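The next part holds the structures, each set out as structure tokens.
Common to both upcoming complexes is chain A, partnered first by chain B, then by chain C.
Right, the complex of A and B next:
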């Protein structure tokens, strides 16, 4: 609720900012709305962004619960996407009934590995996960550039992107979502993402393991007194975080583009932090906050084209303002119970 | 009879409610100039509320405060300061990295402009002189040039009091001032308070330690459930009469006699346990036996190895450093065992530091009830939490140990300290451990709750279970224990049977004064 108010306030601030930039706020708002939800195609694109943001939001979320800050979702999703693309190109003959599952497995394992490394370093050696994951981001970006302009480079395209993966890997034929949103990149991964959010909610709040993770994240010393071992759980959580982020590969490779395009991610990993924060770290709410940020992402990308004064960079500023206002609203001690009571009294 | 000519401060019919809770109801009493006035009552009796009203933090719903014969409206702490009222809070906030002098300096120079800040060095020097004078006058030495974080809590308290004196406060409100002090420090602190009284200051102390009230105060006001049940001279009062006024019934004496059966096998056997870390010896050659049906006390001033011993017994794997010797629980060596396996063997631990070691402050009670028994098969079916059973058990724990409010959705951090402790005690005891290690079981807990916690420990021994009691409260250790080990600098200084209990001798052993 607070977060939502913060979001609205952020949008409001942005409209004022755009006024200063010499653009009519109503026009900006209309462009934003139309671009995000205007047509089936637009909505499809919004949902496509939403899907990736759910994955990265969940990635940040689970690490948070274990008391860690996963800055590394970006690197995890890049390395997983690269690996999935590579597998799709190098093993074209996997039968089409198995190939998508194989692709998902590769995405989970490579993403998970990219989370496992900072996880085990944190758990065993106490190395700070923020620094390690940040370094792992650079490493992932470096590896991706190296292979995309090297071994995996497309022979037909001018852009820095890989070859297409074998069509066996693509969801297309059995994907109800992409059939509904024809021509847009929205795909089956959305359902996987929503399912995962629900599953993570269930895992965290209904299972004993989930309880142990929550206890560890809240009070490590009390958890240790209670016989909950931090080493194993921290490694597990960072690995899961990596795997969640890695699933962006299904959205990108298996579901839509079918190839690794350098710079495909508009920093999903970092927006994922805002998604998780605004959802107050609740997996189910992440579905909705990811949708809001997905809409914003889609809207902002069109502002550049549809207005004169607002450039791509300005659109980023708008996003940042909204994220900041969401976070600062969370700090305001608003008591909605009191407000409700007050309204009742007046009525 | 009260001498009305000397009345400095009067509370008249003060009432204050928070939501549905009546914190103060028609509170009326007087405080005489130049006296030490104690306000006693259980947690939640309203004593902090009435003092916060005096200090301007809360406004009363009804009633008024009459100060020096005139009705006073105290709308904020700064007005209270101007009226000469100063308060030392229970948990004081100090700027750790600053030296003591600058801590006070920081507080005093709030309304300066740029020009005057050029004179700051001079003012600082003047302040230093004034503080030195005050600390000599009241015999409260403070090393003004040392960093706050390197000074003891006792000195912190002195600094806070001197700050008030420097502000020309005439009325000093001290909230639970002795909670943070060692017994030796308490003695010295009382001398200082008497000196302040002799200098004409009026001191109000909020406390629930009745022994200290009798030793120190001139007048006492007893509160119960927001009302004043007694206010007057301390003469003719005893611990019994005051506690009856406080809890509204006679205090039941918890009687305890050893339930130990002769020649039974020991449940906990520690032999020649030593622990070294970073070249320091924290424990050396400690040997302790605990038999079924007895309460064994470990007496000692805090910081003499108790924490390390507790850590080895409850979660040895979290320790870095070298452990030698053995610790066996029911014949199983535990000095290398994971914490949950020690719990599975039947040892439960009432942690010494509740907030940091025993609870999840942001989680509601059921999650907290699960903490420490998440491995039990009752609560875990196919890896899932058995919510219904958990809720039922939590509810029962609330009933059995009278935890208030009975709200299972409220984060545990919002409960008062005493209720948190009752909850934790209930959680550990209802698991029916063979050995309960109880560290500081009644710290920060009021008389009524202390009584029920003591009774719960005694009831365990009646079922032939055992308790290892580690407490810095010597009265508590003497009262409950069948045997006492005195620990000093990581060594067992003596083992005493109940016939050998002697407060003086144990005190000397604790301080290392006799061998």
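Right, the complex of A and C next:
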């Protein structure tokens, strides 16, 4: 509720800001709404961004529960996307009934590996996960550039991108979502992302392991006294975080582009942090906050095009204002029960 | 004059009512990179002033946004849509096929559709020339600093290396790249460090092809009293006396001419190559560098230019090698 109020306040502030920039606030609001819901294509593109943001939001979220801060979602998703593309190119003859599953498996494993390394270093050696994951981001970017301008380089295009993966790997033929949102990159991965959010919710709040993770995140000493092994759980959580981020590969490779393009991610990994924070780490809420950020990501370029004064940079300011106001509203000691009582008293 | 007034008024009115509308989609670097995108933007604004077209420019946020922007322009009543940068080729290929009645142009990419004009530059030819010029101005070592390590910049480097070898087979090329992510186009601090290291190792002239990072190399040149070579736009003014010349890539002319042709109804699809011959690539001489770029050097450079144009010298092309 507070997040929602904060969001409304943020939008309100943005409209005032746009007034100062010389744009009519109603026009700006209309552009933003049309940008998200205007047509099947518009909604599709927004949902495409949403899908990746759900994955990275969940990735940041699970690490938070175990008391860790995963800055490395960006690197995890890049390495997983690269590996999935590589497998799709190197093993073109996997039958089309198995290939997509194989691709998803590769994405989960490589993403997971990229989370496992900082996880085990944190658990066993106490190395700070923020430093390690940040370093791993650079390593992932390095490996990606190396292969994209080298071994996996496309022979038909001058772009820094890989070859197309074998068509066996693509969802296209049995993907109701991409058939519905024609021309837009939205695809089946959206359902995977939503399913994963629901599954994570039950895992965290309805299972013993989930309880242990939450206990560990809230008070490590108390948890260890209660016989919960921090080493194992921390490694597990970072590995899961990596695997979740790695699933972005299904959205990018198997679902839409079909090839690895350098710079394909508008920093999903970092926006994912805001997505998780705004959802206050609730997996189910992440679905909605991811959609919100997806709409803002899409709306930014539409604002640039539809208005005279609002440029790409101004659109980023608007995004930041909304994030800030949502987060600061969480600090206001607003108790809705008290408000209700007060209203009753007045009546 | 008085009789002319209503006439001109009518002209103005009809012009605004039926103004030729051009949409310009810039690369992620944005219009203020003082290099590639700035050049495209300059060409489009010149067309706005001189031809009275209506111009709307946008800057791409990410790869998926590019297609979105082209689609939005195409859906509206824009007559010509110009995409800047190789990253837009896929988006234009898709959108131009869906909107065959609209006209498109792309810089640095090739799209084979009847309604798309591809503006391609022979960067290796210009790089060859500045390579030769750099070698004339140094003893044994010349430097190259690239932005992001991608095929386009390798093409600059390969032409540059060939120009050096031609001028002095014994000269060595010291080559560095700033980075492997898009951030490399906008990291003058690292560019400066690399340039200082190269100058300290005995390099006398550095050619920098790194977008907005280039300014760092020019700072280093001033600090060490050495020379640098700019890229894309004429950058001689940025540090007069320390910038030997700039390898021009006249994106501005290409964009302006495309808009002009389209407005006059002479638009034709297909690839157009801008090389030394059509002055699409060149090296710059102006009041900021005519003292350091002496007459003899210029004469030699002009001779090489003639030989390249006539085909006597074939400059190696990274794109062709890659295929």
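Brief remarks follow.
The criterion applied here is as follows: the second predicted complex is superposed on the first by the 341 of 347 C-alpha atoms of A that agree within 3 Å, B and C clash if a C-alpha of one lies under 4 Å from a C-alpha of the other, contacts with A are read in each partner's own complex, and residues count from 1 in each chain.
Operating definition for what follows: a residue touches a chain if its C-beta (ideal position, glycine included) is under 8 Å from a C-beta of that chain, and two chains touch if they have at least 3 such contacts.
For clarity, every value in this text was computed on a predicted model and none was experimentally measured.
When the shared chain is aligned, chain C comes close enough to touch A:297, but chain B does not.
Applying the stated contact rule after C-alpha superposition, one finds that A:206 touches chain B and leaves chain C untouched. Looking at the shared chain after the overlay, A:149 reaches chain C, while chain B stays out of its contact range. Comparing chain B with chain C, the partner in contact with more residues of chain A is C.
Put simply, chain A uses no single residue to touch chain B in one complex and chain C in the other. Within the complex formed with chain A, the chain B residues making contact are 314-315, 317-318, 338-343, 349, 351, 356-363, 367, 370-372, 374-375, 379-380, 383-385, 387. Per the touch definition, chain A reaches chain B in the complex via residues 206-209, 211-212, 214-215, 218-219, 221-229.
Residues 28, 30, 56, 58-65, 68-69, 71-73, 86-87, 89-90, 94, 98, 108-110, 148-152, 154, 180-182, 319, 322-323 of chain C touch chain A in their complex.
The touching residues of chain A, counted against chain C in their complex, run 41, 45, 48-49, 141-142, 144-146, 149, 153, 155, 157-160, 183, 185, 261-266, 297-298, 300-302, 304-306, 311-312.
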